[in-house]
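Each of the next two complexes has chain A plus one more chain, namely chain B in the first and chain C in the second.
Up next is the complex of A and B:
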């Protein structure tokens, strides 16, 4: 066996190991979501009597095995999550693209500014949450969708800005100069010439922003604990309460939360990989 | 004539074309790199002017200042009689062709051509008419629906030219537009471009580092080095009467041969002693050299095509050299000669009888094609 073959085998095995490590809890979650109440704590993977009851309770009744009124149905929280995530992906894309362009072309903020922005991403969210709670309470945005939309860019904007820097780097400067000579002002150059050429990066950034805000847990847990703005992630956590952990509905909610994420990830797999490596492999 | 007719129909008002005047232009990058150092020149209405020089000589920066893509630190730029220093690029009424063509990759050829007109809010039917006229002129009618990446280099080049001329600008600026084409296409496009420019009569400033391109296309050539214009004149003048050693060496392929020499006075005659040969000067030249030289050191320059080679000594033979290499060029030979420490190049017809490699050959120089430069100032004495 050649050396390269050995290497291929080792790499493949390692990939499978990683996949199994990541997928096992997920597969377990899917299995549990189909288990009736008596089987939640059993070690078998395959449910003995598969049921859709967990989904029914979560999606329709909002009750837990006959006890109604525990939670309102999931629809409300699904809407909250969707509204916040869509708004965030639009807002952070616009802001991220503009920030990236300003950094690249106008050297806004100096040469290290891009790194400063990225370092925001490294601050643990817990560290800034208390001031954020005070802040949103003071301005009356506590427990509102608006408050979440205002705060989420802290998480999403650094990453979209970095994506956009990578994407905009691949736009040839000459096309911008040609557009300036052809009659564009700087705004027109940006949205007529630069953005269309960076559309792949823009889409990746939008989807990343969507996924990040869709999966965000800690910020809404503290900023939006009430029904008015609570997203799915926080809602799901309430299945673990003082009466114990309701594994079935919790697993069903988890599956429901992950479906759009997985669907999106598969749909944009090509862009995702390009977006992740954009600006780094050069 | 037909093309001219077609275009004067589309572009009513060729009379409104104008020249360009650059006065004392200076551009410094990062407070230390002087890219353009006091450049002044004028381009007449309808003239084709070449900015020629090695990379980093400031020619592209000069062009970009005229386009408004760089802000000059000093100096004035006039297009027609307007001072354009403070005008943004879009208001200067110029069009530029970039080395990389800079086509908009997300637009079709049609939209690329129409873009400058759309931005200036031309009516739709007028845009359509002009785009189709330009496409016909440049023979890209079949490509209008394609995206730039589906085009060959030559086709992209035509689209870039089309975009530059579709709105009838006052001035065309071109930054090495042919350098990305293969050699054959480049020579072909050279002639096409010159013809187009002459037919349309658009004032054109063209940047290149290719001296052959400059000689072939320009009405006048500005030879630049280190941010300065060293000579600005018609191609044959720049070639035959270079202002200094740099200009003499930059134009011509193979370039001019240079040999260091000392002025010696012997028996009341002025002789240039180059070591490998001695060159007695006629009275009139002797006077010029004596008056023009700042010291007794000069440089003799002679072009390869003004040398004659013969096995036997001829009346015009000046010195003997060894044949080092012979490069057959088809219609002629380029002969590398070794004379003392110098390696000289001569061009000779293929009919010339030559000794084998390493053999001796007599070299003759055409005295009236000789150049003598001051060794210190590098300026031409005659």
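Up next is the complex of A and C:
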């Protein structure tokens, strides 16, 4: 056998072993979500009698094996998460694109403004959450979806803005200049000329905002602890702290919460690293 | 700046100013007040009391120390492992490169709360990890209370989780860094007789050095925010062993379960945490992350 063949086998095998080792915990959660009650605490990976019952109970009945009321069904929290994440992804991808365009083409605010937005991505949220609780209480948005939609841009807007700066770079300047000569102002140029050309970047930015607001835990934990606005992540935390050993339904909830974001992350994988490193790594 | 630009920038600017200026002013005001909602009716002026409390609060100093210990374990481990993995994952001998990279995205796309939930199952007393140990003839461990006989080891358990979740991020970022080294440079070097490891050591890694530095700093900054997995797995315990500064702020200011529970004191701790984060952020921005060059360059 040639040396290159040996290398191919060795390296491919090593990488796939690493990959499988990496995914084992997640695979375990998926397997557990299909296990019936008697197998939750058994150490086998493959369920002996696979069942969809855990999913049914988490989504619909909210009880273990026909006994209702162990925990509330997940539907309401799923709706909360969806509403907030969709609103946030629409709002912040548009605001992000506007800000990015002003920064990129007109140097609005200079590098200080760009630096400031970037630094917001890095501050520890726990440090400023108490004042934000006070703020949302004052304006009557504590414990509401509106309150979450007001505060989440602190996390998502810096990311979408920085992502859109990169995305808007590829839009050619010439058409913009022509439109300017035709009498459009900056705002008109932006939404008539630039936005349509940047639709791909806009969609990716929206997905980024969705991923981050879906995964957000600390902000809703403190800003929306009541049922009315509680998102899935906070629900999962309460659920697991109270019913720590109902592994089947817990695993099903975990799979339901993570699968949509995994799918979205893989869909934008070409841009994921660029977005997460704020455009530093292309 | 032209007038037409204002409508583009104002909505985001106003929103972000409200969300940052108000908290900043509030924190600076509260830091000189004393207010425990369980005992007091209203905040009262406390002068420098909170500062004195902080200076004498061994729990706070421990929280700061443990936060940096966690950082000191996770960041080098993530960067070291990530670079190592990036090197083998960019090898031209690897088959199925596209698929394997998509799969490696999974850990970091899972919301941290679910990562915590997932590992809670793995670490469960009768869970798979202990079953695996027993099948090897090793004793099972109480992973979240006192693994290997010492509660302090729980810190390392949390570190493993963070490393598990974020090493693939470092790997993928460094891999893009390595792949951005132009192929003609690599070819020229290999014509000069540089092969395999020496090519890597002398050409590729030096060129990817800035990327590695930036990733390390980003992880450093993020590691000061680790909260979700602590909440899910240990809630700062056993005792206060895994109570890092962010979690201590949560206990002092939100759940009011710490001995020194006080909104004013939490505000002071928040300002301290923010100051430490800002030092790191400014270092990143000034030294490595050249905003001017990235945007307009």
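The rule is short, and it goes like this: the second predicted complex is superposed on the first by the 231 of 282 C-alpha atoms of A that agree within 3 Å, B and C clash if a C-alpha of one lies under 4 Å from a C-alpha of the other, contacts with A are read in each partner's own complex, and residues count from 1 in each chain.
As a working rule, contacts are C-beta pairs under 8 Å (C-beta built on N, C-alpha and C of every residue); 3 or more make two chains touch, one makes a residue touch a chain.
Note that the structure is predicted; figures quoted are calculated from it, not measured.
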| item | value |
| --- | --- |
| Contacts of A:185 with chain B and chain C, given as first, second, both or neither | both |
| Contacts of A:19 with chain B and chain C, given as first, second, both or neither | second |
| Which superposed partner A:174 touches (first chain B, second chain C, both, neither) | first |
| Partner chain in contact with A:222 - chain B first, chain C second, else both or neither | second |
| Touched partner set for A:199, first chain B, second chain C, both or neither | first |
| Partner chain(s) touched by A:127 [first = chain B, second = chain C, both, neither] | second |
| First, second, both or neither for A:118, with chain B first and chain C second | second |
| Partner with the higher number of touched chain A residues, chain C or chain B | C |
| Set of chain A residues, in rising order, touched by both chain B and chain C | 185 |
| Chain B - residues contacting chain A, complex | 67-69, 88-90, 92, 94-96, 98-106, 115-116, 119-120, 163 |
| Interface residues, chain A side, partner chain C - complex | 4, 7-8, 10-12, 14-16, 18-19, 22-23, 25-26, 28-29, 32, 41, 43, 45, 95-96, 98-99, 101-104, 106-109, 111, 114-115, 117-120, 122-132, 134-135, 150-151, 153-154, 157, 161, 165, 185-187, 190, 211, 214-215, 217-218, 221-222, 233-234, 236-237, 240, 244-245, 247, 250-251, 253-254, 257-258, 261-262, 264-266, 269, 272-273, 276-282 |
| Sites on chain A touched by chain B in the complex | 172, 174-175, 177-185, 188, 193, 196-197, 199 |
| Contact set on chain C toward chain A in their complex | 1-2, 4-5, 7-9, 11-13, 15-16, 18-20, 22-24, 26-27, 30, 85, 88-89, 91, 93-96, 100-114, 116-122, 124, 126-128, 130-132, 164, 168-169, 172-173, 176-177, 180, 211, 214-215, 218, 221-222, 224-225, 227-228, 231-232, 246, 249-250, 253-254, 263, 266-267, 270-271, 273-274, 277-278, 280-282, 284-285, 289, 291-292, 294-296 |
